[in-house]
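Below you'll find a set of structures to go through.
Two complexes follow with chain A in common, the first pairing it with chain B and the second with chain C.
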Partner chain A sequence: MVASLYSVDDEQKTIWVFLDQVDGELERVSLEILSKGRQLADEAGWSLNGLLLGHQISDQVQRAIAYGADEIWIAEHPLLEHFTVDAYTHVVEKALVKGRPSVFLCGATPNGRDLAGRLAVRLRTGLNADCTDLRLDPQSGLLTSEVTGFGGGVIALLESPHHRPQMSTVRPGVFPLGDEDPNRVGLTHVMEIEIVEGMIPTKLIERVVGEGVDLTQTPVLVCGGRGIEGKFDMLQELADLMHGDVGATRPPVDEGHIERERQVGQTGVVCRPKIAFACGISGAFHFVVGIQDADFVVAINSDPNAPIFEYADICIVDDALQFIPALIEDIQKERTTSND
Partner chain B sequence: MTELKVIVCMKVVPKPEEIRVDPETRRIERSQVRSEINPPDMNALEMALKLKDLHQARVILLSMGPPLFEKYLRVGLAMGADEAFLLSDQHFAGADTLATTYTLAKGIEKLGDPDLIICGEESSDGATGQVPPGIAEWLDQSQITLVTDLEVDLERQVVRGRREVRGGHEVLEVPTPAVVSVKTASNEPRFMDYEIKEDAFKGANVTVWTREDIEADEDYIGTPGSPTIVSGFEQAAVRERKREFLTGNRDEVVRRLVDLVQDLM
Partner chain C sequence: METVDYLVLDDEIWEELLALTGGAAAPCFQCGVCTASCPWGLVRGETFSVRKLIRKAQLGVLDGQEELWLCTTCSQCEPNCPRGVPIVEVIQALRYLMWKRRATLAGLPSLLWSVYWNNNPWFQPPSQRMQWAVTLDLPAFDPDQHEILLYIGCTASYDRRAQSLAHSLIQIFRAFQIPFGVLGEDEPCCGETVLRLGHLPYFTEIAEAGAKIFRDRGVRKLVAVSPHCYDVFLNHYPEVNETFEPLHYTEYLASVVDWDDSQFQESFDRKVTFHDPCFLGRRNQRYEAPRVVLENIPGLTLVEMENFGPDSLCCGGGGGRMWMETAPDERFSDLRVQEAASTGASVIATACPYCITCLEDSIKSLDIKGLEVLDIAEIAAKALPR
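Showing the complex of A and B:
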């Protein structure tokens, strides 16, 4: 059997979280993982630590502590300013082998997946990718990760009993953010790192990042499926009226009607809005998981037997292409009247 | 000009919409499910074939799985790939990401010194996206993931990839040999070429390699090489909804919905 670089016998009873930062700001998913990690650590009586890499990022340390971290290991270097898988894998591997945490978690973001994929091989350990829930057995210290992706609404439970660290990447948006406690006190350790340009074959030539789409935070989500025949402008109008945002099922994304980052569901984004509208959506399970954490679901479909109505609080049997414009008109009329 | 050697990793997956779960046993019913080439891998093959259109290139398909995968590799040959290799051995079964990436890396080593290894972003059944970085790590090569466009500079021996990140993109350059994963749906896979289709399905050879052929360490493949175990399956919890139907004419329904929504906001 393949053996990990450090074994169960050598582990420290700690959870480490990779604190993903982009342009000097912690990614929300890292704070979500800290919030969940705090809960797991408290139940098991373990400590929760964060690993922060970057350049001039020490102002982010207190933020991580405020969300639940006990100790932060920080590595600052100009060559760590932007993520490169070469430099980050090198530094994180050194830190993990030294700290030997039982559990290591990171966000399933593009960079998080790049890092975790290489790191797991380098450490010869298991990796559970894009997890939607985590459990930690306080007695055995065994981490169980939930993953979807097997179809039919089935989740698989994955464990890595004999290899350390127990590694998982966590899907953004699945864990609610805990309360930020600015007065929380934690420890900071500065890591000594040796890193030179020659160790980083990856060259960043260009980087253009604007306001990204982030459906995980929207209070109102207006989703469209096949039944809206690509008319996402109409859904955008409704979303704008309600200060919300637009999402989609897979078919309109595949057909190029809307960007892939707006795909909601098992292979897309999991959202937790106050209200989700499902317009012209049949209700395949792999979509429904994306809105199951919505406080309230409104479904509009012309087929009274559409499965989506099983997953909705308010069911409206009507053609979304007719109904949505009527809804928009009514809201606009009301706004005009109340403004008079 | 030297010839570019490109390996495309391909997986065959059950069609996701046909997967059913036996409600009694909670086991995944795969017997009735038809298979297909993992759709993101078709984007990977298309990217490789585009390079072949531009440069002198040899495109080699590599897969790991049971013998039934062979006919799917022939689809790739009919699209324009030059050779196909299938790593097939009962000892490979039960592989998680670590064992899978090790086995593929051993196959790549046996194929010898490619300039590029191109993979799909992720598999539609496993959806981990961790295979491309894993292969790169075993081979000690650079990687660019989630690439939508790729340029090869044969003289400088580098590749440049445009990579999607949240809210934008970046352009990365890495030395070859390198591993690239292709963003799903970033190109339109071509149809099979009817001129070569017949040969692809009748004449062409799909080479099958076993564990011995690629000299893979028994401890690193299949179940022994897999740290991860599936400890169970559960039905995803479904939240109970009110399922209240609003009836009446459209204007009435709209009114009631607007009132309801206002109370919630």
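Showing the complex of A and C:
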């Protein structure tokens, strides 16, 4: 096997995290990785660094430090304002070769995946994609990445003993966000970069934020079927309370109550939320395949024999149209009381 | 400026297609009967032009063929073709060219990966394949003891609705004391979806591996629950052994049951119409066996729909369409259940798990009262002595 650009002997005992930003705002997954990285770094006695690229982005530095970074390496340039794989790879590669971290982590976002794949090839190292857990052995300094496969049926534990950096992309939502400490102090290291337009074959003509829906990433999915009689506003309200999103089975989509992008199941999207609510859904197989990877399923249906209950962790036999407004009211009440 | 439509002829594509189909498209003289007989014409004003697809295959043109994925492989067109072009085979070959160019529809590659990793196209864990039968204590197939291998298939193993077919069939086999065994978690996916979606080399690989399993296990007679599995075993698998005989379960029952003195004693007093699954009927001419079983159920009245036998309308679920979305006003099954309702029958009998899913969906979405879909196995099981 080809040797990596820098070897185990040359590594610095640090964990680096790529700080993914969109429109000048750090992505949640980057903060999640910082929270986890802080824990790993403390156990091993290492330092935790963040790598931040963008344009006029220095206001995000303190935020990353507050979530646990010891040091932020920052590169600012108008050409780095929006992610392009060419420019970002160029800058991150230079930074990694200079800093030689033992571990480099990215969020498994579309940008993070794009970047990490290229970097791994350039650095001649391995890449563990879409990891769901990370462990760092304080003695050996070896990173173990957990990757789930085959519909969650198998877990692979991967190590990269001979190549550096040890690279993983981390699935959003798997690590809890730590507490933000605004008084934490860290260092900032401004990188000198040379970057000209000619180096970037990608031309950004216009950035359009679509109305597109991506249910695959939502942590909370509130799904409605025929039984909610098109009352998706009610489901949206419940979803908003839990920072989630709304999905549907085929019949309400067919009937025009909700857009086709929100159809969950065999011919729609397959989701992996932490929690899925199935409201007024009977549980046909072609729907169930869309939520089978959910960590936890709550089903609400007035028919106690509905097949959906066989797939649910909590079964509520009740009319969803009665139950959900009551649930919304309860959550709101709970929130008001706890805020007092 | 005037825009000119033109086609680019590509010798390489032409040669690839020629090799894939053995020149099967060549005899076509472009009469267009295929387009006229295609059921897409029933649901779309502008029909899907099968003729054009074949013409493009003759010329070696491959352009924006989203319509290529519409074909349900129902074979309505083939019997009408005056030149005997195996149209579905040509379409599958065209689909394969799209695979080679990585230009298939979104979602289809992950379907193939599911077959690869999970041994089923339903994204279900392989370890759960026998979960439906945990309480049944089914015997593992042993060629010395069992005349037949009962091949359950992925859909009847995992789809909760289709599991009822398998349960019914087990009840029937036990009532008739038919010696059968199953392969359990070792049962291989037949690969039919892969073939219909056109990934021909991968299907060949699946078929060879599957045939080897049957050979090694000493299978001589295989009875399949789904006509889709049955079709590939019968027509697309390499030789398993000299006497290997795949049968659809309706065919098997029709041939072994002594109809003058059968176990089907309980009366099923319903008016039933039979929906011929494409892969039992039109593609394999098994029109009679399912009707023999139905007609011998006491109390059952069998009526035919306007289109039956060779003219039976496809449910829309073949050719990989089970994994693609069909617009609400373009579902063949909507027309089919209306046709069934107009016979006055209260039951649509069929013998295929895909047909059941599509037809039941249409009954629900059109809100047709007093009509349900049952598999022949489910009806027959109801006629067993309680």
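What to note about this one:
Everything below uses one rule, namely that the second predicted complex is superposed on the first by the 214 of 340 C-alpha atoms of A that agree within 3 Å, B and C clash if a C-alpha of one lies under 4 Å from a C-alpha of the other, contacts with A are read in each partner's own complex, and residues count from 1 in each chain.
The rule is simple: a residue touches a chain if its C-beta (ideal position, glycine included) is under 8 Å from a C-beta of that chain, and two chains touch if they have at least 3 such contacts.
Note that this is a predicted model, so its numbers are computed, not measured.
Contacts of A:Gln263 after superposition: chain C is touched, whereas chain B is not reached. When both complexes are overlaid on chain A, the residue A:His286 reaches chain B and chain C alike. Contacts of A:Ile228 after superposition on the shared chain: neither chain B nor chain C is touched. Using the contact criterion defined above for the overlaid structures, shared-chain residue A:Glu310 touches chain B and also reaches chain C. Contact with chain B, but none with chain C, is seen for A:Asp130 once the two complexes are overlaid on the shared chain.
Annotation for chain A, partner touching more residues between chain B and chain C: B. Touch criterion met: A:Val298 reaches chain B, while chain C stays clear of it.
Look at A:Pro251: by the touch rule set out above, it reaches chain C but stays clear of chain B. In the superposition on chain A, A:Ala66 makes contact with neither chain B nor chain C. Touched by chain B in one complex and by chain C in the other are residues 149-153, 254, 260, 267, 284-286, 288-289, 292, 310 of chain A. Taken in their complex, chain A has these residues touching chain C: 149-153, 226, 250-251, 254, 260, 263, 266-268, 270, 283-286, 288-289, 292, 307, 310. Listing the residues of chain A that touch chain B in their complex gives 1-2, 4, 22, 85-86, 89, 109-111, 113-118, 120-122, 124-130, 144, 146, 148-163, 169, 201-214, 219-220, 242, 253-254, 260-261, 267, 274-275, 284-286, 288-289, 292-293, 295-298, 309-318, 322-323, 326-327, 330-331, 334. Across the interface of their complex, chain A is touched by residues 107, 117-118, 122-127, 158-162, 322-325, 328, 357, 361, 364-365 of chain C. The touching residues of chain B, when paired with chain A in their complex, are 14, 16-17, 19-21, 26, 28, 96-99, 101-102, 124-134, 136-138, 142-146, 160, 163-175, 184-185, 219-220, 224-239, 241-247, 250-251, 253-255, 257-258, 260-261, 264-265.
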